[in-house]
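Note that chain A is present in both complexes that follow, paired respectively with chain B and with chain C.
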Partner chain A sequence: MTIRRQILVAAAATALLLGGPAAAQEVKGEEHVLPNGMKLLLVHRPDEPSVSAGWVAKVGSANERVGMTGISHLFEHMMFKGTKTLGSKDPKRDLEIIEEQETLRGEMRAEESKMRAAWRRGEVDDLMKPENKTARYKELEAKFDALVKEQRDLLVKNEFDRIYTKNGASGMNAFTSYDMTAYFITVPKNKLELWFWMESDRLKDPVFREFYAERDVVYEERRLRVESTPTGKLDEAFDSIFWHSTPYTWPVIGYASDVANITKQQADDYFATYYAPNNLTAVLVGDFDKAEALKLATEYFGRIPRGKTPPPEVTTLPTKWEYDLRFEGEADTNPTAEIRWRTVPFQHKDSYALSILAELLNGRTGRLYKSMVLPADAVATQAYAVHNGFVGPAKYAGSFVIGAEAKEGQLPPEVAAKALAEIERLKKEPVPADELRKVKNNVAANSFRRLSSNFPILLQLMVNEAYGDWTEINSGPKKLEAVTAEDVARVAKTYLVKENQATALVSRKAGSAPSADDAALAEVPEQVRPMIKQALQQLAAEKDAAKLKEGLAQMETQAAQVPPQMKKGFELLVTKARERLAELEKAGDKK
Partner chain B sequence: MKTMKNLARTSALALLGALLLAPAAQGVPPHPDKLTYPKFTYQPPSAKEYRTVLKSGPVAFVAEDRELPLVSINVALRGGTYLSPAGKEGLADLAGYLLARGGTATKTAEELEERLAFLAASLNSGYGPDRGNVSLNLLAKDLDEGLAILREVLTAPRFQDDKLKLRRDQLLNDMKSRNDDTADIEQRERGFLAFGEGYYTNRYTTKASLESITREDLLAFHRRWVDPRNVTVAVAGDFGKGVSRAQMIAKLDALFAKWPYKGEAAPPVPTPTHAMAPGLYVVDKDVNQGRVSVMLPALARTDPDYDAALVMNDVLGGGGFTSRITNRVRSDEGLAYSAGSGIVGGVWYPATFRASFQSKARTCAYATQIVLEEMTKVRDAEVTDEELQTAKSSFIDTLSRNFATKAQTVNVFLDEEFTGRFAKDPDYYRNYAARIEKVTKADVQRVARRLLATDKVAVLAVGKKDDLLNPDPKHPVKFPELTGGKLTDLPLRDPFTMKPLAPAAK
Partner chain C sequence: MNAPDGLPPLGEERPVPMPEVAASRLPNGLAVQVVPWRGVPLASARLVVRGGLSDDPSGRPGLARLLAAALREGTASRSGADLADLAQEAGGDLSAGAGPDSLTIGAYGLAARLPLLLDLVADVARRAAFPADGVARARHLAHEELETSESEPSFLAVRAFAREVYGTHPYATIAPTAASIDAVTPGLLAAEARRRLRPERALLLVAGDVKPEEAIAAAGNAFGDWAAGGSAPPPVAAPAPTGGPRRILVLDRPGSVQTNLMVGNLGFPRTDRDARALELAMTIYGGSFTSRLVQNLREDKGYTYSPGAAASWLEGCGTVRSFAAVRTEVTGAALNEVLYEMERMATTEATDEEMDRAFRREAGSLAIALQTAAGVADELARLWVLGLSPDEIARFVPGLAEVTKGEVRRVSGRVFGTGSARIVAVGDAAAIRSELGTFGEVVEGET
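And now, the complex of A and B:
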């Protein structure tokens, strides 16, 4: 099944891409700027008879404000809805219907305003519930639905997609992130002109039809990605706290009620400001003739007028906080701990050392895995580290993230403490040369691996360009290679400090799923279960073998006096204490 | 259009002016259908160009590509999780995973990991349901060392005890999350509905089976199944300075020569016998969006109707925004972000048809009704010429993307060999376009009639049951009526035993 028009969420630590290729393997991009300010980047690669083509708008959720959060992403959806030429059998009537729909929507908004007031007074509970709509609203909605139906009969459904598909194009998609919105596709090599036609047409004369149905689609997308996933809402809350005082504090997909209330007028204004050619870069990677591509770009994209006013700059600078932020939550998930620090944005001179530092910690031979997952007294089952993850927020501020999933019986605060100990070690002891070499070898090899085909190259170029400079794909690897052990210790001491730090401790929601001990616990009488459960947790966290041995001996002497309702629980505790002791003794032997 | 009309009414002088401007107007045609393109027909590569039979037995696909100083080797192993004996579910998974992660005769797991990391080599291994894979990607200059490591991994794995324990702990932790995400619950229950409790893909690892697996079990499993007679291999990339393709083939031959023990040929993948029972099945979980799958038995990819079924599905719901289900459920009604259908041609046995979407619980029944309507329509009337052509193009004109890199190319051919299609149809991809082109509107309708029995669907819905059964008053569809009134509650499963939990215990 095809899933299109998605947002990339920064949290995925696995999607780590540091920068670009190693020095030896340069991406030879040819850059042109059209008279209207649109930038064009051409990379010739004749491997496959196709061209991966895209363009990136230097706008993302960071350019939004509260009240219209999520508009960048909703807008991205609207760019597939057709143009004055494509999408309707009767473009004239189609535009009239849109006008009529907007008038009705104005009246509906007035009703929505009343419903919100009723909600504030506590007269209705959930505004999304169909039963809570006012009679007048329902009446207007029926009229609106009739217009939608009329419009639908005139539509050439998703014609924009149809034309591309019947011409053999594939992989049409787009994504929105904090700092950018990118649109891309792969076309057969003989269809390059079609790409210029289609993309220039939707930039020149887009029609944002079916706006309100698409808004509902985006709301469903929010439910899919955030609201109905085990940790979606928690992640959103922690992101918000971590990024407070920056334009990354709201989610890319937008707050629920903002998504439900963005207006078409807002989308129109947004387009005029941020989708002017002077805010766009088009990138072609594949089998094509560069002179021909430049000619087509001039002819097609050249038709689009420069924006009347340049897009406003984001002027919010992150405020420095001087405390250690803490966030605790519960969800249907295994317990985890994550620690983040505010660091530096894209191409900051210290960003390279921070990236190397993250790599020293990350991976199966990284320091977190070695100290937290591998030892006999391991506290975690997985661990990760990343600095400014790929497509994550990075244009205006940066973040360094470490985290781990707690092992059975371990509590998130202990996991966090163990991870922090590794950071402290990096501040004090210089990184051995071999270890640094190992990390750099991987950074270099992975940068080659990302150059194996057209699409990944296109993606990296668009992302780097949106952050501010596509040539990072060539210059980044050299700067990473130049990082020294002293740099690593220095950036750790500078940035990974309490004054920059936020910690998220997430535990499993009580009763949301059995834990490994719960099967055994289920046999314990209900009234003593919480007590036994707590004792089991303490037991699992016990690190002193001698103390445990003493306690166990004591318990064994008391065995005969245990009251009947405690018997099952007591037996379970003794069994678990023995297991824990064996574990600790085994760990002790190895040391 | 408007411009043309206006032109007809303008004066001669204005017309002359317009003609002078014509070159620009010619450059940008008013509609993309007016564009003309240079002729281009894609000819896919042939498996024979890359195929060779190693003296030591395995079939290999070898392609030289010196664009980047990297080489990748993929060893596919006949076998899969169906080889795990009852009571030892998870054995194949562990034996596969720990090949690369558990050390070798001469290297502890830690030494192996460190060496691979220093070389920036990526070595991974695992068994999936119907095959195993060991893959290595590394810099060309390190090829010989990489091959020596690979040989040791394949012939003398250490399966270090502490790494077995670690993996067990990780899997136990994953197990705890089995009821956390509705996507996981849906996927699991879909499998049970389609192929039955006893089928091997539904025999899940349990706490007990995992804890029963010993190092000796891993060694025995490995010696029995990891054998050159079960191997197919694909190599692409830079073989190193001065190393020819023939020399690379010799190196591969050595990789599988003089195997130190005698294994067995893996038996065929078991065929399911379960018949899907129609009805509505509900898993109750308190989230604000329901996940729905509409399922029917489908076909194997060797079925003569397979190409027509692909085209039919593309029109119905497989072609994204050019398909009917997506257009109605998503674009028209705004009911879901992702809505569509899929037919996976089963490689070893007939697989299933599935239409699916995720929508707020109270509109799930309505969206299901739309899906069923569209299934009925594609059965009751022929698709349009344009739909047919668009669907065909989406297969034919995108074929080259399967062969975008040499590594992709040899792995496509490895798959052809592994699944036995190469033996029957060595030019499958050469004839691909012609076969798809042959599908007619009548074929599409015939296959829709054969496959889309809307009165026999099994519908699975995971979400808040009260809301699933309480439709939005705007679209008051009664969910159970869509499947003949039958509703079956599916309880969550105990994550450690996979036995259904009694509803009260939730």
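And now, the complex of A and C:
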């Protein structure tokens, strides 16, 4: 085959090419630690006339506990609410109002406690409904709202954002994940001092104004991302099963009732522990003078006192289960199958082979696509594989994920079986050298691509630093390059086994498929389509499993005699009959 | 507003540097632009062809998307898998996509493999074969994507809004329908590819670690003998104004905890003299975190997490629209605030502070967007599709600086009129229907 030879030769050439530039692309970071424990990482890149700047707090939802889940993410919102200097026309009165609000909130919490007790007794349903609140609570709420109004009149809304925008900065944002909370922006190179001033101000003297209003915004964010999406709640449930006994079992955005009950006192304590300089790393990437940056960092970040108590270490280690956990659900979505395995965390010696393994399976050139999507008897329309996804949970535990969306007419269990067959093949047959070479070339080219401008470099440095080591940006590509075919087979045999495995099978909620049958029918020759369509309708209405089973057995014995123009339609009928039978049997089991 | 104590002083606005662009044209009419970019040894090549969803024949909605999806499934001499393998071997990937006004075929990878990248793009553009199994696969995937999209309320709102504003114009279509997906055949796609993909309506953009003269020579090798037969599709017509009274379309999503609201109307083409004023007006109104809409709906009222507004620039005529996913109980109240903010833009002047902030934000965003080769290529492609030259990049910020408050108000008067606004609400109809009725005629539609 000419094409194969062409790839082999070219792949060798690419490997040579990558050897040179890859070495030249090393990120040269200069690390400093200020006396208060804050870490500073400087990367000088004169290519672009701006500086991408950020800092990462080594705290995320993994550091939370039930009862205050979502606090890390809420904090990300609160950090934009201003400081003693920014955000209020009358900072003195503003602080007084916050005090008064807290006193009222204390009384409101006592009422909330009574309301929850009533809920446990079954006297009221949804605690958010106005009619379920006590008379005293409503009275307090009115007083509280009056204070909020007074505070609003004093606010200089979003002064933080306004000042940056005015200075031509852009891309100000932040994110929270399981293992980190990061804040970043890109500023023109002559605005570096402004960045130090602004960021040190909000770390030193933050004021959590509008704390309770921001909780409501987060509540809406939860509705948008979780409750209004077809699979949001299902994904959350599968995550919690898969990650049980690890600090990743609750969602980053938090449980709804936790978000609604986080107190300002909890927020203050959390800030004092996790946003102390000794738990932060600031990173600058771009065109600046390093000595000047160090001087500014000492002057501005140096003002923040070290935390009184060091952040407690996360000590939970994942337990092993000894069975294939199964999760089944229905949603207004295409049928899918996803299989996950518990693997290893960031920088574990086996994590590199697992990443290469994922790439062998992933994408349009990957094995899953070639075996599940491309062939004539394809079972899926899309397939994917990933090991410890970017900013995913990875500091304390790891995950290997494969999955696919079922092609119309295919059921999730069949899709899962086909995907698993590829994993088994990887355990038994060594990966051919050219295939491994090709995947490694692509991995290397991708890591270059991420080094092509300031912002993606900043992002990777912050993420790696939060996981535990920013130098991964330089050492990781070399370790990926060193992975052998034997490593791939070994990690597949070690980790991708039933004892670590959880499978989610999601089927379509009945009645939510507008064009499903039409799509499959489109492949049936036109002359027989009406006949097949009618038979399909009868099939969908069939309620007797035994009768259907008999009919199906009969069809299967006739399979060989079917004339060519009927073949597609016949196959469709058999598939649909099997599906219907599975549904009926499942319904029968439940009774 | 006084600056807070200790704040370092505001510096001078620095000009946005114009990136180097080498432009050329092959004898067959293919425009070529090369953006040399040092740093990493990577390059990208993309072919942008005028006409996208806007070129779709009537009765075949969304055909451009299906065409793009099927392009990578194979050529006269290579299978889809071969194309993917070759792109991977060059250290990158091959892609194809369709927008309202364009079809794009792109490849990226190592700069040293530019001839291969160009060969892949040319092969797909000129010799796509649309094999039956590949087309069937593209159809399946399209069905699946459509079904996934249709389960998202935001998609339903965007799709219904386009239909409301554009009526029978091709821009009314943003995605194929189940029937139009089923109707696609290899023969139809091959005919469409021949009709649409032609050198005289295409731009080849090469960006990355390349020498312009070498890139142009390589482009000549790959595309020099490309010739098109038959006649090209006509340019897109301007859509008819919507007119008539305000209209509210409600799409029922029973039990939904949020309502996806979309409010707006037609805008105007990017070549209009008010285009820059509209950019500023949108930033002030709903295009940034400190904008009026975000301050009002999110920060002040807490109705929503994600309100916003945007003007879309299309060759024929884009839209100006506001959007928010709000709590079901405050649907009417939120719509009231949106209409209020629109009226306020149309009838009162922005403050100096708003003008300054919007200007600096726009200028800063452009400067940062132009800091990567991909960012420059994106901008050049956008301008070309809208009929503007690369010089527009250099003219944009000085032009923006000249926009006055009066102009922002005038342009707001053109686009923020609420009297004939088209409104779409996707949510629990039983809970929101009567409230919305107080704002105008309510029509119920199918999701």
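We take it that the second predicted complex is superposed on the first by the 491 of 591 C-alpha atoms of A that agree within 3 Å, B and C clash if a C-alpha of one lies under 4 Å from a C-alpha of the other, contacts with A are read in each partner's own complex, and residues count from 1 in each chain.
Here is the rule we go by: contacts are C-beta pairs under 8 Å (C-beta built on N, C-alpha and C of every residue); 3 or more make two chains touch, one makes a residue touch a chain.
Every value quoted in this text rests on a predicted model; they were computed, and no experiment measured them.
If you put the two complexes together on chain A, you find that chain B and chain C bump into each other. In the superposition on chain A, A:Glu299 makes contact with chain B only, while chain C stays out of contact range.
When the shared chain is aligned, chain C comes close enough to touch A:Val156, but chain B does not. In the superposition on chain A, contact of A:Ser245 is made with neither chain B nor chain C. By the touch criterion stated above, A:Thr471 is placed in contact with neither chain B nor chain C.
In the superposition on chain A, contact of A:Asn261 is made with neither chain B nor chain C.
With both structures placed on the common chain, the touch criterion links A:Pro130 to chain B but leaves chain C unconnected. In the superposition on chain A, the residues of chain A contacted by chain B and by chain C overlap at 3, 25, 47-50, 85-86, 152, 157-158, 161-163, 165-171, 186, 188, 190-191, 193-194, 197, 213, 216-218, 220-221, 223-224, 227-230, 332-334, 363-365, 373-374, 376, 378, 381-382, 405, 407-408, 438, 441-442, 444-445, 448-449, 451-454, 512-516, 519, 522.
Note for the complex: chain A touches chain C at residues 3, 6-7, 10-11, 14, 17-18, 21, 25, 47-50, 85-86, 152, 156-159, 161-163, 165-172, 186, 188, 190-191, 193-194, 197, 213, 216-218, 220-221, 223-224, 227-230, 332-334, 363-365, 370, 373-374, 376, 378, 381-382, 405, 407-408, 438, 441-442, 444-445, 448-449, 451-454, 512-516, 518-519, 521-523. Chain A makes touch with chain B in their complex at residues 1-4, 24-25, 47-50, 80, 85-86, 130-131, 152, 157-158, 161-163, 165-171, 186, 188-191, 193-194, 197-198, 201, 210, 212-221, 223-224, 227-230, 299-300, 303, 332-334, 363-365, 373-374, 376, 378, 381-382, 405, 407-408, 434, 437-438, 441-442, 444-446, 448-449, 451-454, 508, 512-516, 519, 522. Those residues of chain B whose C-beta lies close enough to touch chain A in the complex are 27-33, 35, 37-40, 42, 67-70, 101, 113-114, 117-121, 137-139, 162, 166, 169-170, 172-173, 176-182, 207, 287-289, 317-322, 326-327, 330-338, 340-342, 356, 358-360, 362, 386, 389-390, 393-394, 396-398, 400-401, 403-405, 407-408, 472-474, 494-497, 505.
Residues 1, 4-8, 10-11, 13-14, 17, 38-42, 72, 78, 80-82, 84-86, 88-93, 109-110, 112-113, 116, 133, 136-137, 139-141, 143-144, 146-148, 150-153, 178-179, 181-182, 256-258, 288-290, 295, 298-300, 302-306, 325-327, 356-357, 360-361, 363-365, 367-368, 371-373 of chain C are the ones that touch chain A when the two sit in their complex.
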